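Okay, so chain A shows up in both of these, paired with chain B first and chain C after.
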Partner chain A sequence: MTAAQNLVPRLLELAARRFDQDTSGLAPEDDLFEKLGIDSYQAMELLTDLEEEFEVEIPDYEIQGVNTFGGLAEVISRRL
Partner chain B sequence: MRLPLPWQARLLARKVGGMVEGMVEDALPRPKPAGFEFRGEALSTTLHGQTLLVTLHHEPCNEIGQTALSELEIVARLLSHPGDQVRAAIFHSSVERGFCAGADLRELHAGMSAKAGEGGGKLAIAAAAREFIDRIHAAFDAIDMAPITTIGVLHGFCFGGGFELALCCDVLIAEKSTRFAFPELRLGLVPGFGGIPRLKRDIGNAVIRDILFTGRSINAKKAQEVGLVSQVVPRGRGLEVAEKLAEQAARFDGPTTAAAKRFTKPLPKEELARERDLFIELLGSDVVEAALRKFVESDDVRPYLP
Partner chain C sequence: MIHPDAYSSLGELLYDALLTYKSETAFVEYNRKREARRLSYLEAKREIDRLARAMQELGVCAGERVAIVMSNQPNWLLSATAAFVRGAVLVPIDYKLKGDEQRALLAHAKPRLLVTEYGEWRKMEQQAEATHVWVTDAPEGADLGAAVRFESLPREVEPGEHIARARSDQATLVYSSGTGGDPKGCVLTHENYLAQFRMLSDIFPMEVGDRYFSILPTNHAIDFMVGFVGPFAGGATVVHQRALRPEMVNHTLRKAGITHMAVVPLLLEAFERRIREKQDEAGPMAKRLFDALVNLNVRATLDKPRHRLSRSLLKPVHDAFGGTLKMLFCGGAFVDPARARFFYDLGIPVVIGYGLTEACTVLTVNDLAPFRADSVGRPLEGVELEIRTADDESGIGEVWAKSPTVFDGYLGDPAQTAEVLHDGWLKTGDLGWLDPSGHLHLVGRSKNMIVTPGGKNIYPEDIEGAFDGLPCEELAIFATGYVWPGVALTDEGLFAVVQGAERDLKAKLEQRNKRLPDFKRVTGILSWDDEFPRTASMKVKRAVLAGELREKASLDSIVRL
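Moving on to the complex of A and B:
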């Protein structure tokens, strides 16, 4: 399992908790914006939560074009 | 990234007038405050004890256009002459999305398009923009130099012109949800409401260049680490913390506080003037027109990034 794959469960749990969803309904390959139904403000909130949870800085431009939970985990893993 | 129903797009249909066009006409009615109590379209002021509470309440995220500017001018006048009644002021937002997302770019784009349509060309746009920028600088400078303690309570979006408004305050309290950004370079501009000169008073140039040259946002924790924010508090607790701070500040001698403020927070007049010139110069470029049009038409979840 890669470092990014190891992060996915925590990431899904955090997203589910923040947006009041069931973790079992989220998968790494899901489009997080479609799945969570979030707007720009909520995307910002998620970014802040991720930075706090994983104790990293995630510049916005590094996640531009990243649409899946798995892709997000890849970006975070490179910052750990 | 995609956004199912972008809040930005919902603005398109409701824009009236134009930031630039409105400045030339300068004919908007100016609401008159009754004492320290004022209720406008973009903001309201109320007196709580000796603290003036300035509440930004314009959906979707307190974008600063003609209306907001006119009402900020009222606040600026109140804060310039607070008398004995007001010893502190708190700026905060009752809008869920954040403190302020910055200038109303759709209004700016509409105003520039209207000017271009009238055949006035870039000179007319520059003249109108200069008037608007001069007015906003006058209002922000007055807020910045108010002879009382001013506190900014921030949450969510604190971007561009909103960030610049926050920087006028003496003390910044950021809820954990706050994100700061200067996305102006994406538009072919620099911050035009005094942001960089004011920010340079507080933090180092290395950090300023990072956020300015990338347009990235930083969170409240990072903002505190670099010295921009003095307190980070949980979501929804900022106002309560600010009220206690305001009460404490009001216990000190007023003239002493005013003198201490003049000493510790001088207005960077020369840099502010240079910033105004640079902003107006850049505003005339074709890059800005194209970038504004792209922003207005964008449904991207982070439209402030290139």
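Moving on to the complex of A and C:
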């Protein structure tokens, strides 16, 4: 498993918690906006949670064009 | 406060501020919850001196252009001031545009120097038509191509030499948020800015101790004026937050003791929602007490704002904004009068104005004496307004303006310039009417106006206002004939495009729809998945959105009411 894949379960758990959903319904390849029913504004809130959880800083431009949980994990793993 | 009449250029005024307010704080920059940078005016001067020197080495001088594509941060204002010191023409470009759009504007402006940040430079695929490029915030070891790392520019150097400019010389080249077509670069002079600043500073002076939170893009006229020229001239502090996320914005508001802020209507709406949610959580008893205090405040501020009194009466609300907020500037799009009223009643005046790039920043502004939520204010001193070709019945016509803030024309485009400038008057393209007290009321853009088969004029902005607050993320009104021209229709009409609709939207929209006069009613709803394309000031790009609708949807996609 790659470093990014290792991050996915924690990432899904955080996303599920923030938006009050069940992790079992979420998969790495899912479109996070569609699956969580969130907009870009809320995605920024999720990004802040992730920064705190993983103790990294991710500039906003890094997540432009990222729309899956796996893609998000990739961005985080590059900063770890 | 520094008085603009004593100066012949923006560069002179800004540089004098650095000397006048030496020990005051010019900048506080937050990165998330951490203070990342703080500069006094003297420290800012040292930075500007060395940047001006580095620009001089690259041949930046009078008439040469310096473009900035950067999110809000001190380096934006430091670079801009250095460019002015060198007598250069500043080209502020919207950092929210797509990379290829930014490159197109740069190809039009052909700057000698582009100052940008790593994220933007990557977005442009590290290519732009600029002789030199400086890039801030690049990670260690990043390959910047031919660009130079901003942070590694020489430190211990002689200050760059100042180049004087006259008031009539060009200060900036600003691209107006035109919808499609060739780039329209507005030529604005030092006189335009200095005259505009004088008009505004008389009504809304900023002073030492004031702290302005800069979140509207600095390339936008409002932030440039009230978040750069204004604070510098008054020795106030400009506060930036590098991660513009809701939580961080709230944190900065509280932490930095913000006194002034410019927002777009969408953000104002988000603030209102938050306040109302808090009220709902507090329970009915607390709400009744709160309402009583609001009523007291309303009575006490009928003639003018009284910050201190409002703050003590309505402490919890004010504390949510840091407890020091004096006023919000709002512009860029139509502001719902009820929303502006809501904030004023809480003791937070929302200053509404009206302007366009072709007239620098604003032509009219609500001077809060007394507060009026229903108009975009009175013309500023020195601004003349005329309503031309007015409709006999409604008084609505096209707004024309004569003012020292009116631009010189579009760069290299005499034909377009001749269309909007006539004998010193600017044809704004906006429709409105003046009331007996001289307040301007806007009804829409003339190019957006829809003429019904019955000959009635309809303004989509007006109908959108009537649907404000419905349970959806975004809503825009179009005429079917505009989106799908030439398609034979039996029932041409208006329809609402909605994005992010909640389940009860249709019912609620129908309710409101019934209250509108016949000819203003929408006949259907089109659900749309993508966020609406918007300009830097968050105005919906109607022509672009119409193009997307034309491409991806059809008349059959409209759900009839």
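The definition used in the following text is that the second predicted complex is superposed on the first by the 80 of 80 C-alpha atoms of A that agree within 3 Å, B and C clash if a C-alpha of one lies under 4 Å from a C-alpha of the other, contacts with A are read in each partner's own complex, and residues count from 1 in each chain.
Going forward, contacts are C-beta pairs under 8 Å (C-beta built on N, C-alpha and C of every residue); 3 or more make two chains touch, one makes a residue touch a chain.
Just so it is clear, the model here is predicted, and its values are computed rather than measured.
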Under the stated touch criterion, which partner chain does A:E51 make contact with: chain B (first), chain C (second), both, or neither? both
Let me test your reading of the model: by the given contact rule, A:Y41 touches which partner, first (chain B), second (chain C), both or neither? both
Looking at A:V66, would you say it contacts chain B, chain C, both, or neither? Reply first, second, both or neither. first
In this superposed model, does chain C or chain B come into contact with more residues of chain A? B
Chain A residues contacting chain B in one complex and chain C in the other 39-41, 44-45, 47-48, 51, 57, 59-61, 64
Listed in rising order, the residues of chain C that touch chain A in the complex are 31-32, 118-120, 122-123, 137, 243-248, 473, 500, 531
Chain B residues within the chain A interface of the complex: 1-8, 61, 96-98, 156-157, 176-177, 179, 181, 214-222, 301-303, 305
Contact residues on chain A for chain C in the complex? 39-41, 44-45, 47-48, 51, 57, 59-62, 64
Taking the touch rule as given, give the residues of chain A at its contact with chain B in the complex, in rising order. 31, 33-34, 37-41, 43-45, 47-48, 51-52, 57, 59-61, 64-67
